[in-house]
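Note that the chains are named A, B, C and D in the order they appear, and that numbering of residues resets to 1 at the start of each chain.
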């Protein structure tokens, strides 16, 4: 069950997925499949760039799903060659109009020694400052994307090779960035010094693959080799994989929310099955916050693994109390006789026969604004539930993410302004419990919980502890957590 | 979790869903929502007809999903009025080209006393014979649909009112048919004498609703009143609901496969939660065909309730061992380096981290051709499973359905030519067990199982016992089961 | 120069063009070309029906131009076979929404002896009455088209062959109708007893062609054989052309407006070049209504041949004083600073350098509402013309046409309520002259002008003398000219 | 009659039209209208950029006609503000696939002092060299357009204002370029030092307009003020029009082919009506190359004014012997029974009734490859003409244009390899005559013909005398005419 969720507008959203292939015929076909498997990381748009000895660089960038844009013969035959990278991009709630196709990655630049294309997942936290400087010196930006800074920094570098120029450029950017890039002959992958966003290496016949997640290796039958390390740059060509470490070494701070929600449950992160981690969160949650009830129901679909774990630990039967409409839509015309919670009804329906008279534990992955939780609670009560208990598979989301995730402004986050009990009262449910930060760390394999002095993960959205200063945001007035 | 399934081409397919509303403003908006909730019963096309005192009859019929066709202001404002009926139509595998928009229901006819529109779910088993006769007498058919016979029979009737004409027409047709129809002022619903296909009555404010399933009442907040009875015709106008019984009375034979697969799990059929019936099938199956194993995994999504029941009865942990791609596509270009089982990979991925080394019970709802089951088994083994055991939540599907369900020809049905053991060997799995017909009857509430002398349900697809002679099919050479 | 005109909304409009081919491979490809050449007779929609021994009957009907709908391999390969008919349909001003695709011809009916398709150009004047009767007897109409009556009359006929049934049906309809029809083996053409609308026969290799105009024979390289006679029915198959005369003989009354405007100038009507007839109208007009001026300018494009004739007869130089925009559009957003006559400017521009200070004769084909004439006059004066003289290549259009031409209601026709001098004053021009009815008859070859006792043409739009009673219109309140 | 021509693939093609407006509300609506009037200068794509104090810069760039892309409320309301420029772009024969939307002008750049947009008509002859240098220094090109050089040169300039930067940039480029540009407050227009391509200034209420041709002033009711001079740069804001001369002064060499074919006949060039110049070409041609014949027929539509002039001078009647299909298409499927010259028949038809037995003079504007002339001659002979005489309204086109016109390679030009008599023999016509270069100069107002020492126009396509060295082309191997 993939992590897509019927209430995208009340969830944190991963901003991107990246994928690259070198050393196989018609690499773009593999990239299309890989991006399809990574579609949950970005649904607004996608792009593929290829290189072929005869046809040179080619690209196609489109709004919409991979399955709709990169499946026809007519498109795919414009993308020949043994080397390709691709990107899927997130959909911002309601602001589609503001994204131009020119903002869709990969970006391409022609340098004096040849062209290069680049795509990234993450966010450059000093992009505004870099952009100002580059414009001052005569660079012309074509997009509003932070990623375009990298290509301009490369263009101005005096480095002799494209990998050299990329190293030089990347040392100037700050933030979280997993990158795939390509020259005419090389596939390049980079993770930022803290390794905030994922990137893995796979083997496909005689060729190589880079992917945000392992689930995209599976779809093309590629073998998972290893994760790219934090701060590592791999340069791959016919002769194999060369590893570089261009940055100052730092301790890894991988995004813990990838375990909670972003990654697909059938991916493997840090050697652990994501599904298992999520089930384990449910187990921990059942230990931390038990409650007497008749049924454990997931909020579909992302709450399911934790609900299974909760059921198994607590012995309370697991049941699908809420049915998701497979053919979701957002835009039906509201009939004149008001339908209560119409938005929710388009996507979900409560299994009335099952729920009536029952004490129900609802397991959800997170609470962002809380708007959806309220509506689901109402539907469950309308269907005759006796009690409603929320159990949340992550700690309270109290801080925005600046590392490549689309988060509401801090004041919109329910947990930024309310205590757990205030949230319970606000949602009008019988109980509401979040897993503790230590519990979450345990569930993802840190037996002793979070190391407060040197946390093993980036958990800024829960803790306010930002491992990279969000320079541009501070300039725009964001206030960091006061030192304690 | 709705019954939609990633392998539509290896499933029996419901051919239609129907919905009608009278007595509320802008009835078409409610019909659009109702059809959206019934989309699992037909994805190829949909249509809505409305009547308004000023604007008269209007209709819109389109290929594609309800959410894409009946959500824009520009379309919906062409469908004014307090009375509307709608229809969603199945998608036949690969033959889209042969369906013309003129085959999309509802059908409309102008009679001397005014117009009427009609839509049905089911199949008229003597349609070919009726059609020949009507053409002989000068009727001109505009579609290839069996339903059009009804409207021509009505046109030729000497009845004074449209309901009278409809009664007369329906007495001439044989088969399974749940009908919604409308005149300028009346909403009409009919179920065939055996009540093979479902139809329910709901109340919406001062108005009334007819729907294939209760889940579509929920989406508009309508109250479920009762099922239309087998052989009943209801005529609804401002003054309320009138009930007629135009046919010779017969014992009801509702389609048992609606419980197994067709209906949504959050619908209520015959007073029972469909989800609960399916979970109970899993319980029965665990009793009938236990096996020692590590995990019980559903084949997503339709096998899930039975898998939960199997797990609960057997004590073997339930797990989501197969992840379904939320953004399914069918048409990626196969890369030159062959990807094994690419078709399946586009839709499903095995959770390798979870499955490796495990003895896995896979619970699926049915086996039709068996092609998909084979591929899933291969994926599970590729991922390192130690053993694979299939448990099927229905008896062997050995006979085609002629009552409104799209079934392969008999010789394509795996169970038509193989014993259970032969099927197991063919699928190359460690064990394969189907629920017994009696077990299925018990799970849907018949404590004593199937009454062989007078079966409570239509189970022709399992038993070959056809409650209505398939006249047209016999003419085309179909051979019924020899009397025993 | 084709007769299309930038001011379609102020012109009478031909309602249809028809074309049929038998006896050549892939007949539909020829029909597509023929319809393309007849596109000026109808721009809203087009349809083609074919028959092939293996594939049976096939059809495609689409809104829009032939060049956009019937040129792709994917469409045309669905239309195989050696026998095909096609139809292009007029565009009504502003009422596109009311035409459904089901109103697009050819119409098809399945009879007990096989199918037939039919398309016609013209109008059935007793269609409403026939329709009522047919519905009374149980026929179900699928379109709002008058043509559908014919197919229902055929369905109810007891005739043994389709041509027999068509004869029987056509004897019941009144009005103007040129028909092409087809069975599985025969191409059929019919003209109504008065031969109001055109239809010609051509030879193409071993096959045969029927077409509204000769210009469509030219495009496929077919040889023009002869016109179908008034009241003639031709039935064409492998063995050749059989001629029948099913109606009571009557004197031909061909539409004189086909000479003036409807037909393409490169067609041949009644043995005369349409271009030559129009040039001759200009010659007659120059004789009847001379005026001293500097330039003779056509209103593009339909006034051009008459303007050439006027120039040649008068000796006043011909000049293109008005330029037509080749890329006409109707829907630009009017800027806030009002542009005078913006609608006209989108389509035409006055050649200011040429017109300034000149006395200009503008030659147009007809005046319907007069709205466009006013605007053109204003543009010419704005450009500095010294005098503006209108010369009109047809008599005043004072009566609506009920024989297949889209005309405004009588009260909208400028000439229905004003004398020539009143019109001149209304248009505020220096002079305005229409050709006389006798002058027009002379120009099209009747040396003695109109035979008042037995007119050689249908000229109802000028004279109010309707050769066939407009039964349906009289029922709706239309008042015919009082007998004099 | 606009200069568009049914045989675009056998014509020289203007590459662009430009238009700009400042000082009126909703300037984009005027620009859309202006571009519509300039559509003959480029049909492939169009773009508009606007600036509004609140909304900043906005742009829309689309493939296809202005009437299809810039007429909807939804598009136009994204283009607010009192300042706008626009561009229409040519369609290259068959290479549509290679033009990306990023090649569609206007181009936009963000500089440290604010943004600017620029569009041009013409060609930069040293673009390749400039591009190489700019890339070397770190500029990233987004398009393959020569125009993008200008914006990068501006970005790198140290000038304090955008007009200063533009002056500096334009001094580095060579070739033919008429430019419209805009900053947040200024509309800028420039013509290259020789003034090869046209640009005119108009007044619209309190605002100002720049346009390629005067016909686009007419459509919005703007008053024609004057032509921008060769080498002039105008900077227009609220305070009026400032004139600069940034280049070294040179004698003007306006493109003489604008008079022959590119410009619309209702435009005014150099104080002369284009229509009149063309008619005068016909007069000169009749004097230079008289022939005894029955009819003078234009090849529609571009040959018409010259044909009128030829008829008037010679006394031979003018006639429309060839009818153009108003609904041109290029892609009908060729029926299996070969149709001779099908490509031509889709667009033209000979008026057989008129031509039969006649000696016909065909007047065309130019002969490029000669392929079309051959086909037209065949059609005329097929229709029974007794003799065919070609008269061409321009001298032999023997050299490619490098100043913004799409010309075939030199070896494809008929006149590059054949004498006039050889061409006549090749076309198999009774006579073929081109106007002399001096005759052409006389027709456009140079009473003494061409000044060989210092030609008044750019006539490189006829004479091989290139006023600006085609640097990039020479690098690619083009050989200029040997000095005589």
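Simple rule for what comes next: a residue touches a chain if its C-beta (ideal position, glycine included) is under 8 Å from a C-beta of that chain, and two chains touch if they have at least 3 such contacts.
Given the structure is predicted, the values throughout are model-derived calculations rather than measurements.
> Provide the labels of all chains in contact with chain A and in contact with chain D.
Expected: no chain.
> Relative to chain D, which chain's C-alpha centre is the most remote?
The chain farthest from chain D, judged by C-alpha centres, is B.
> Just how far, in Å, is the C-alpha centre of chain B from the one of chain A?
37
> Measuring from the mean C-alpha position of chain B to the mean C-alpha position of chain D, what distance in angstrom results?
62
> Determine the centre-to-centre distance between chain B and chain C, using the mean Cα coordinates as centres, and give it in whole Å.
51
> Could you check chain A for residues that touch two or more other chains and list them?
There are none in chain A.
> Pull out all the chain pairs that touch, please.
A-B, A-D, B-C, C-D
> Which chain C residues qualify as touching chain D in the complex?
Result: residues 1-2, 4, 24-26, 29-30, 32-33, 36-37, 39-40, 43, 65-68, 70-73, 76, 204-205, 215, 218-221, 264-266, 268, 272-276, 279, 300-301, 304-305, 308, 312, 317-320, 323-329, 331-337, 339-340, 345-346, 349-354 of chain C touch chain D.
> Using the touch definition from the top, list the residues of chain A that touch chain D in their complex.
Contact set of chain A toward chain D: 78, 101-102, 109-112, 135-136, 138-142, 151-152, 155-157.
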